[in-house]
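One chain, subunit A, appears in both complexes that follow, with subunit B as partner in the first and subunit C in the second.
Up next is the complex of A and B:
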């Protein structure tokens, strides 16, 4: 095995390992909350009179844990590995990094406890109460300091594209998080009226545009060329993709508000730029796919690269779908129903989640200096996630079309409940599959990290 | 282009600043919404109820945003920016797992909401909303006050209507069954009272009626039509007992009208948005046949038979 001879620095990649464990652990909790919420929609009295498990509290816990517990730490783990490697240096401070991991996990515990107790600011993706907002900003600032200082002490003069994405993603998320959570108003964390909706969706969309997407792109740009042992296809496309992403993605939050009385010119900007998203998306994808062209065997041979490459295909689907959904005529059918929930799952689980897992599995042998505990389990997890997220897409898109068309045709929400019930059952079944895959993943990752192969636990 | 740490960080922050200027700051400073014609400030108890609404994540399933393309509750008024000026945070919602609530105030009386919050399936058998009995009655009343204010001045007008008719239906109920039935029949327009159910009783029609009854009615009126469904303890006047109606001049038209239009003031909602014509005739006849044990289906006066009607064709007698 090539991994047997990997050089592990004295620091031992403690930060990257910490983020791996964080991601693997919170993926279990996050997907369980999703499964629980899905179950409550088919058996609403299953948690009757357990206030802290009421659907309206379970849902934000699920979403916040997926975003900040599973996907972001997974992508961070890879970044904390590839940034020093790409810059031919060591991480500026493993101590600071481990401190970040600890504080990050403390904040996640705070997220679960506060939301379960009903302490929320009631704004989608910006629910967290002010002390937790501050905690999130602090951990992102700590990550930023570590990245920037590592860059400052680099021995490699050229900054590779993955490093651009990691730096920009972290600094821009810190800023938009403050803005979107109206962090200067600790009591409500909100503006009043329509401006609140505008800034909320500006921020909400940027969680994908300025956090998940850049960090995922960073991982893909690192893993794919290395896995296929080929240079990146085009530096120019890297530049176009990077700058276009920042310019275009940031404009489009208002496409969540096309059916709401916000200024028309703002809606026009959001629609035009939503369609223009094809530029950064295709610049990135063409670059990655042409790098891998003719070398798919290498992708198949590496489980990490397989996850990552699948993530890029999901990125294609979710982006094209997103551009279409921003068209007002399409949105007449898709808005307010499960179509959008399906879209969110392709994006966060299919694209960013797949790439987070891929990055994690790709770096794990390099972090430990030995092969994965079980390639088979990782492959099994891959198929469970892939079938789960594809199934979600099919099922939720069908429900969305049923709901959207029936509503347009004058059916009430209540009348639609019996016909969509069976799809909610299927959704929960697929959720069980994804939760099970998280259990497998946690077992595989902890075994890889803490036990020698063949050693009994 | 050479990418240095400075160009990456400063460049991206500058782009973000430019976008925030255009897409966030400009709309914020250039639009100053005036209150809409229905706007009023919330009362302290409504504000308190709004916090309960937020704490329990109601916004994840209920929008407060009526669009031009909507039907259903509240569709009579399209949302305007001036409706939201006091909403901090704004609670537009992004998903309609449940109904839109922006004009919910006064659609139902308070007792319906208490029964519904205690367990939504008590009044809406197919509902998938969680039960909120765990909040306790005090909190439920505060939450109800908030919901009854949704729609602001329009909601106030509807609440005034609810309170007026609540007094009337309560008086009628307390005057005894005979007087109550008489009062209810009197409040159905004469034209409807004179109309029998125009369609014949069929096995298929009764089966459809039973399905409609189970999906919409039995939480209050109970599976045997005696008004002792699970919602009964919370509702006053209590749900109607159909089994006392035999011989009390309940025409198919009366049943149709009461189901279509509801009985404002009582917990009986209107079903005209949820049930189309045939469904209302079918469930009305189901009630008449099984619970009242007296149906006027397909009796005189009759018009031209509907083309689908089963049975042999007999030409009507020429006058």
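Up next is the complex of A and C:
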């Protein structure tokens, strides 16, 4: 049963569809790797003698796949749909877009194979070897060309804030990725000493803050007004938030190094700007929540908007938490333990992951011209992800506080392993829930794309 | 020797940001903010179709999938309960 109201261009949204499938597929692999890693923390010998599945290799695969395999492609899928729509034109080149999707997936296969084989540059979030670094930069450059040329051929003179965010995310990531991965040194991908730590955490924080945050904000600014059928509360406020994000976010990476001998002035800047993040964050949230004010029924009725709106609530929590964690006295307890892992899960899965799934479910009926295959399965996935990420938050925060307090009091690492073991079991159980939700999502999305829904009975 | 790269990056970032900002200013991007609020609503015709009623087979398929997932969740819950009961033994 086709929806007669949907206009599908001759190009058939092939790029957006490709990114939808990419996100849905790699979410399964990425969450499985997370589950495997969590299981290895309970039973370290479970993959004994299987070198390519030891924890040290599984963890970077999990992180890189979540970042570049699941969340970013999900957000890209929405961006490749809404940018032409908001600019009243067609995508500059679907062929270039499809080529980007193919190369993107080839790079992801390379990520899994190289990391599993032990080829790593050994820097957190920047593990990929040089050829893959170049591949990542090339795919982002391809996306940038497609976006910019679409803007150049637009019929709508005003750029809506979502377009600003999507373009900024792609440009900033391309530049930051080159710098953070020290791409001019193919052999090591690193500098020596403290400058390397500074540059790594400049990159490490920005790869989330200048990639996932702007792309997620772009999706939220598009989906929420459409879902509630109301104009954005304030476009001016949205642009204030956008420029504030660019000014503030770029300086905060050094808050990962407060207990390291980096220059004090740099630490002070990172702390001040971490707290100042409240400006772009609240500009965004006030705008989105006031747009939806009094219209939560419409949000509830649309599964895509439901995911996105929940993501904005998670954004509130993760941002407040992030600002507080940058304070040195707080960080003495919360740093270098599972508190940070919990924080990362709220940010990447609860905020950006939720919005990626929301954007994906929102655009699917427009891409295919048919309703979603199963609203029930999408709803079920929503609750599994929500319960999973909330559980992660509680469990990992408790473990983090146990570890942080104990280490602050001089306790050794191994003596803490028995008391936190139970929490690691809970974490793996929650990981199983997230992995199961990824299976459901992949099934629902592929059925929505490739199969006709059942005839009316 | 890393300073030249840092300085180049900072310079590139500043130049791009300022160039884009002044382009936007001259191009009137900050002028008609009231109309900009409505852009997502104008972007596409209303396209949300009513949910399709599924065939009997499709309903059975979803039910089977639901029970599989529910079984998986029950297994997860069983692991948690087992772990809690045996927490003191580890």
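We adopt the following convention: the second predicted complex is superposed on the first by the 450 of 457 C-alpha atoms of A that agree within 3 Å, B and C clash if a C-alpha of one lies under 4 Å from a C-alpha of the other, contacts with A are read in each partner's own complex, and residues count from 1 in each chain.
By definition in this document, contacts are C-beta pairs under 8 Å (C-beta built on N, C-alpha and C of every residue); 3 or more make two chains touch, one makes a residue touch a chain.
Nothing here was measured: the structure is a model prediction, and the numbers come from that model.
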* Mind checking the superposed model to see whether subunit B and subunit C fit together on subunit A or clash? => clash
* To do: Please work out whether A:82 is in contact with subunit B alone, subunit C alone, both, or neither, and reply first, second, both or neither.
  => second
* To do: Could you look at A:418 and tell me whether it touches subunit B, subunit C, both or neither (first, second, both, neither)?
  => both
* To do: Applying the touch criterion given at the start, work out whether A:155 contacts subunit B, subunit C, both or neither, answering first, second, both or neither.
  => neither
* Once the structures are superposed on A, label A:231 by its partner contacts, choosing first (subunit B), second (subunit C), both or neither. => second
* To do: Go through the superposed model and pick first if A:199 touches only subunit B, second if only subunit C, both, or neither.
  => both
* To do: On the superposed three-chain arrangement, identify whether subunit B or subunit C touches more subunit A residues.
  => B
* Asked: Now for A:250: first (subunit B), second (subunit C), both, or neither, which partner does it touch?
  -> both
* Structure fact -> Clashing with subunit B: of 21-29, 39-47 or 57-65, the subunit C stretch 21-29
* On subunit A, what residues does subunit B touch that subunit C touches as well? -> 159, 161, 171, 175, 179, 191, 195, 199, 239, 243, 246, 250, 418
* Structure fact -> In the complex, the residues of subunit A that touch subunit B are 40-42, 44-45, 47-51, 54-57, 59-60, 118-124, 148, 151-152, 159, 161, 163-164, 167-168, 171-172, 175-176, 179, 188-200, 202, 210, 239, 243, 246-247, 250-251, 253-254, 256-257, 259-263, 266, 269-270, 332, 336-338, 340-341, 403, 407-408, 410-415, 417-418, 424
* Spell out the part of subunit A that touches subunit C in their complex, as residue ranges. => 1, 3, 5-7, 82, 85-86, 88, 156-162, 171, 175, 179, 184, 191, 195, 199, 221-222, 225-226, 229-236, 239, 243, 246, 250, 302, 365-366, 370-372, 374-377, 380, 384, 418, 421-422, 425-426, 428-430, 432-433, 436, 439-440, 443, 453-457
* Structure fact -> Note: in the complex, subunit C contacts subunit A through residues 2, 5-6, 9, 12-13, 16-17, 21, 24, 27-30, 32-41, 43-59, 62, 65-66, 69, 72-73, 75-77, 79-80, 83-84, 87, 90
* **Of subunit B, residues touching subunit A in the complex** => 1, 3-5, 8-9, 11-13, 15-16, 19-20, 22-24, 27-28, 30-31, 33, 54-61, 63, 65, 67-73, 79-81, 84-99, 119-121, 124, 126-135, 215, 273-274
